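Every chain is named by a letter (A, B, C and D) in the order it is written, and numbering of its residues begins at 1.
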Amino acid sequence: MTDILPAGRIKQIAVIGDSEAGEDAHRLAEEIGSSLALGGYAVITGGGGGIMEAASKGAAEAGGLTIGILPGTSKYQANCYCKLVIPTGMGHARNALTALAGDAIVAISGGAGTLSEICFGWIYQKPIFVFKEYGGWSKKLAGKSVDHRLDSVIIECISVEDLMIRLRETFED
Amino acid sequence: MTDILPAGRIKQIAVIGDSEAGEDAHRLAEEIGSSLALGGYAVITGGGGGIMEAASKGAAEAGGLTIGILPGTSKYQANCYCKLVIPTGMGHARNALTALAGDAIVAISGGAGTLSEICFGWIYQKPIFVFKEYGGWSKKLAGKSVDHRLDSVIIECISVEDLMIRLRETFED
Amino acid sequence: MTDILPAGRIKQIAVIGDSEAGEDAHRLAEEIGSSLALGGYAVITGGGGGIMEAASKGAAEAGGLTIGILPGTSKYQANCYCKLVIPTGMGHARNALTALAGDAIVAISGGAGTLSEICFGWIYQKPIFVFKEYGGWSKKLAGKSVDHRLDSVIIECISVEDLMIRLRETFED
Amino acid sequence: MTDILPAGRIKQIAVIGDSEAGEDAHRLAEEIGSSLALGGYAVITGGGGGIMEAASKGAAEAGGLTIGILPGTSKYQANCYCKLVIPTGMGHARNALTALAGDAIVAISGGAGTLSEICFGWIYQKPIFVFKEYGGWSKKLAGKSVDHRLDSVIIECISVEDLMIRLRETFED
């Protein structure tokens, strides 16, 4: 990331994961959202429930910007913590857009939808960070490559603080 | 628009028009962007040059939020006044998303791309406002219907002040 | 169209128009579909009713290939004359794909959806042929340009025979 | 798959895999394409090289229908064995469409792009068949679930004959 973005550009972090996850996973997502907001990042999600809602809640309540990229065409489908909403009307194909919108991607848990977003993030060479403790594809792919096109791996984070440090390093390069 | 959006939701206005327009048209777009920002609206554009850049510039310099929904996959293609960028990688098909992202649409001038956005805005029943003085499809469609599915028409604005009043009325209903 | 496509490639003609048109317009669309099939062309439509269904019916009953590019995700939404179905799940944004899929585009009647397809066809520099007798955007744009990016115009056809001759000329060049 | 498609509808099988695979994998893909064509199926691919081209070649040379759903906007990007071409201009997001277009999906080898197609196939509840012998995600996912939304698994095929029997069973149900 040596290219320089314009001064006013806000860094965007996509937070992805199950639309229904357990309470602990939601708490982690909320804490991540909050830390991202306090770090000056905008939080991108798919605008739905579960991890998406929790991350948006954490960010919005910390005063951050939250953007939901929806599968449907109606803004009313977004969770109530999205300050900005991009309805796509593209169904699950919007997963490509969620991944593209992140300057980096953070995943917690995750089924097929999250995995497709990780794939697009990988293809578009986004730094991808995962938390292993709530299973799913985040756990399965931690420390691994998706394929051989890149030398890099999906990076495991051991804490929200760890994530914040890694993000700062990523964008300082 | 009787549905109630969550309290923190920011109203989004899509500003569309030629990627190369004359100086006067750019001045109008910039003034619109500025007024929208001061009115508390986020300004959505296709993230490119011409009307898109001018509207983003006006809004950004007035301290407003600006979002560019790009045809390509790289954030570096956005004009430098976009604070947030949604790269879609969908080419011209992203015109459907620009239209969908607006709670209302404002058009100045406009060729085939702008016209496709007006069509999508019409299909998705967005209020569409146009300025006639710089020609293009904005002029041709002022006061007209795109087809018979709606009773409404494309609304002509005679000044930026007129636009701001009409937007306020639209969202108060 | 001086580029040479591989020998086995089948020329594809997109037929677009209202999803509900009158009986006469349907009869014309069916005749066009039939002539296209007999001319060796595959018929592309949006897979829905009205002009789309009539053109598909004409082509299928004449033994031709018919392809429906659907807005939804289910093949069961296609009219029953589509031999091949491409569900996109992209809603109205699929209009960009219908236009792109045609080596040429034929329009009858037409509201906002058809107009958006004409716009995309224009942007992607497809030859666009229209029949004026059933009104809509086909009539309004006959002999006109959509914008100044091309020197060409939307070509009016006065009969199905006229269309077939013009198509042959287009692809011979 | 108890729903009945119209009599003239042609079953479509999406064949997915690496755009550059080894000679043996290509030979398998070609044999699959050939068998699918002889079985009366149309072969859908992403229209590119490697597995996509080999499957299209096998099918086309056996007299079958081949359809390439391209990431770009130009038909000239398709491999020369695609008889029909759907250019999407959507980049990698077209992977959602390739998966959706298959009544069933067959995967050989596969990196991130193929994996995203498997994810979409899973989300849209398509039967997914894989050959393990050329590694990649086809091997990793054979006999496994992508997530818990379905009871089913990714089905391993041990030969082209095995695939053809399984397809017939799938569509007879």
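Odds and ends about this structure:
The working rule: a residue touches a chain if its C-beta (ideal position, glycine included) is under 8 Å from a C-beta of that chain, and two chains touch if they have at least 3 such contacts.
The structure presented is a predicted model; accordingly, all values stated were derived computationally and were not measured.
When chain centres are set by their Cα atoms, the one at the greatest distance from subunit C is A.
Two copies of one chain, subunit C and subunit D, form a contact in which over half of the residue numbers belong to both partners. The interface with the greater number of C-beta contacts, when A-D is set against B-D, is A-D. The distance from the centre of subunit A to the centre of subunit D, with each centre set as the mean of the Cα atoms, comes to 30 Å.
Rounded to a whole number, the gap between the C-alpha centres of subunit B and subunit D is 40 angstrom.
In subunit D, the residues that reach two or more other chains under the touch definition are 73, 88-93, 96-97, 124. Subunit D meets subunit A in the complex at residues 90-93, 95-97, 111-113, 115-116, 119-120, 122-124, 136, 146-149. Listing the residues of subunit C that touch subunit D in their complex gives 3, 5-6, 8-10, 12, 42, 60, 65, 67, 69, 73, 75-76, 80-89, 96-97, 100-101, 103, 124.
On the subunit A side of its complex with subunit C, the touching residues are 73, 88-93.
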